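Below, subunit A partners subunit B and then partners subunit C, in two separate complexes.
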Partner chain A sequence: MSNAQPALKDWPLWEVFVRSKQGLEHKHCGSLHASDAAHALQMARDVYTRRQEGVSIWVMPSHLIAASDPDDKDQLFDPASDKIYRHPTFYEIPEEVGHM
Partner chain B sequence: MYTQSFSVPDEGDKQAALKTVPKPQSAAEAELQKRFDERIDADGRIEPRDWMPEAYRKTLVRQISQHAHSEIVGMLPEGNWISRAPSLKRKAILIAKVQDEGGHGLYLYSAAETLGTSRDQMLDGLHSGKAKYSSIFNYPTLSWADMGVIGWLVDGAAIMNQIPLCRCSYGPYARAMVRVCKEESFHQRQGYEALLVMMKGSQAQREMVQDAVNRYWWKCLAMFGPPDADSPNSAQGTRWGIKRISNDDLRQKFVDATVPQAEVLGVSLPDPDLKWNEARGHYDYGAIDWDEFWQVVNGHGPMNRERLATRVKAHDDGAWVRDAAVAHADKQKQRALKSAA
Partner chain C sequence: MDAAVQARPAAPQPSMRVTIHAPVPYLLHLADNALVLGQRNAEWCGHAPILEEDLAMANNSLDLIGQARLLYQHAAERLNTPGPTSSRPRGAAWPAGPVTEDTLAYFRDVPDFANYTLLELPHSPGLVPAAGGERDWATTIVRNYLYSALMVLVWERLEQSTDTQLAAIAAKSIKETRYHLRHSRDWLVRLGDGTDESARRTQAALDYLLPFTEEFWSACAAESAALDNASGADVPSLRAAWDAEVDSAIADAGLKRPAAVKGYVPQGKSGVHSEHLGYVLAEMQSLARVHPGAQW
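And then the complex of A and B:
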């Protein structure tokens, strides 16, 4: 039925990060296709901030993100689970000291 | 907005399913499957790079892309009325709503892409007529009251469907649904309020609202999908944490929520069997015409051809814009290289 050429083959994928208000960090909120960075920013504004969800937007090409392998989860993160001395609640302080 | 809360195979899927015989699992796969099952049982979430069974991936790609297509095609019946909205205020509201639907489609396409399908594949599926979308959009929007009724009932039904999807086991889909649900409430309320205004108008306006309700009521009930007894795929969806509430339970929730709203509005719902059942604590309702429903799902509704043709034309007409954007990006890149040299 359609004789259209592929739509977005040449528009790379971008990840979008939005700062919801001044003083907070940019947070990942999704992705979109756009021809270049300026275009991606414009699209991100329309797709992800139609209701004042942000005061600032970052975009970056998705392929530039390096991610840890889910299969490495145990070796990466488990070693921290038996180091409870890294938490303040590990230490008992006499009550009369008050808040510390 | 709107999903059919059940899994309809796309054209061609059925034959493919018959041909593929599942391969026996290797020991390593069995171990991965076990870990996957444990995570699902513990109500955990699956993320894009996690191992998942091929059938889980396929089911999600189909469901999320059908959902995305529904949002995109859903712009068409309402887009019809932008130029004919009765006031500037209603026009601005309708434009905002249609833009939201486009946005919802984009969130969902992105979520589906995390499963390894591409935007082009999905759009090809839609444009070639292979992929399904919600059958509710294959009916015409005959009067302005239809805009109100679509907001009130169609979006209302969609909200019932989508709220449980915010807890779907697949992370990107669940997160997209949280975003969608936040915006959906505006859609329903603007529709209901538009109808309230019409009901305070002339007799002709009230009749217009009643006519639109009469035409859409049963189609909205059918949106929840076949009765549980006839939904063989539901059990697997439930097992995977994709489907949280059954079709019939969602439908009942929708009826129970809508009857009092209809009373406040002052319209009747076109079902002589609709009445409160004290023993069940729910409203009983009449039999749904499933033959009509399947006719429309299978491509024979009043507007199937027209919707698809409009969508394909819009896409084709936009080709030069997509090409121009790429040409512009290339030129900018060349310029940056030159000035760096």
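And then the complex of A and C:
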């Protein structure tokens, strides 16, 4: 193995999403390196569902995710902080509706 | 179902209230297979080529050791019940007291283990030091593949076992084993169809390990006894299905199946082992033997 290239140099990064039970949404739970989609799914099963965390797995190449720039945080998110009227907390909810 | 299966004695009707038990040596054969391969694969823990496979191989080991535990527990229950099957395997109840899954795993010796020789070999093809040799991932994958391809067929048959507890163990184990087959077959194809180096290593592992599978195809005494009361699987009858699966994987991987050579047929399942099992057991059993009955 001495002259072998480290495998991770060649393997792209994948984001893993696991659905914990039927009816719930898939949630991001982490990432891993794998050579292709089938490989990523198999490894996601071994890495992220060992403790019965899921009933379904999605993987996607990390490079396909477009992310917001952390430096834009102020202009993107701070303007919402003083607009509490956007939260639907000013309505009376009838008893029979129950928890919303 | 083939003719050999149909020729078995008919399963008793529930109204007869006859409980059929698989022979204890047969249970131990199945259990030892799972334990020895589980112990071998656990050698990768912390050393696998990549983190993801480290976890995958640890999962595989825990599945196998879990299967072994269920089978040992079943065997221990039989051995602790007075009757014709309660003659105890050597070492099985040391230091004293009842037989347990632990005494069966930790206090029997090499000639008492009934695993296939294939499963005790180091993770390296050919002649290597008995312990501490460099592990070869291709050897691990090929061995797991050859064994899982067999056990998927065996557990399928054992789901119909007249021993209902063994049938339940088979129903649990087959799910795990189907994944082991999928995992190892996937890697077999990737390695065979990968780089020149990975193909060379995988072919070497195949050439080295395939002759050891000859042991699958002639029933030992324990297997014959299990067939007599329809509690066991007729493994020699599974050969065509196993060959077809193995040939298809070898073709997908772009490898060559080595020509069949009539040679020595290993007899690990009858207790005649290679020099390697002693090292496996020494590592696995030493702690339990230094502190028998210890709790943690």
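We take it that the second predicted complex is superposed on the first by the 87 of 100 C-alpha atoms of A that agree within 3 Å, B and C clash if a C-alpha of one lies under 4 Å from a C-alpha of the other, contacts with A are read in each partner's own complex, and residues count from 1 in each chain.
Convention: a residue touches a chain if its C-beta (ideal position, glycine included) is under 8 Å from a C-beta of that chain, and two chains touch if they have at least 3 such contacts.
Here the structure is a predicted model, which means the values were calculated and not measured.
Q: Going by the contact rule set out at the top, does A:A67 touch subunit B (first), subunit C (second), both, or neither?
A: The answer is first: A:A67 touches subunit B but not subunit C.
Q: Looking at A:Q42 after the superposition, I want to know if it touches subunit B, subunit C, both of them or none. Which is it: first, second, both, neither?
A: Second partner only, subunit C.
Q: Just subunit B (first), just subunit C (second), both, or neither: which does A:G30 touch?
A: Only subunit B is touched by A:G30; subunit C is not.
Q: Which of the two partners, first being subunit B and second being subunit C, lies in contact with A:D10: first, second, both, or neither?
A: After superposition on chain A, A:D10 lies in contact with subunit B alone.
Q: Applying the touch criterion given at the start, work out whether A:R50 contacts subunit B, subunit C, both or neither, answering first, second, both or neither.
A: Both partners.
Q: Spot which of subunit B and subunit C makes contact with more residues of subunit A, would you?
A: After superposition, B is the partner touching more of subunit A.
Q: For subunit A, what residues appear in both contact lists, the one with subunit B and the one with subunit C?
A: 1, 4, 7-8, 32-35, 38-39, 46-47, 50
Q: Note which residues of subunit A are touching subunit C in the complex, please.
A: So the residues of subunit A in touch with subunit C come to 1, 4, 7-8, 32-35, 38-39, 42-43, 45-47, 50.
Q: Applying the document's contact rule, which stretches of subunit A touch subunit B when the two form their complex?
A: It is residues 1-11, 13, 29-36, 38-39, 46-47, 50-51, 67, 69-70 of subunit A that touch subunit B.
Q: Quick one: in the complex, what on subunit B touches subunit A?
A: Spelled out, the residues of subunit B in touch with subunit A are 47, 49-51, 96, 99-100, 103, 106-107, 110, 113, 119-120, 123-124, 127-129, 175-176, 179, 183, 308, 312, 315-316, 319, 322, 325-326, 328-329, 332-333.
Q: Using the touch definition from the top, list the residues of subunit C that touch subunit A in their complex.
A: For subunit C paired with subunit A, touching residues are 49-53, 55-56, 59, 134, 179, 182-183, 186, 190, 197.
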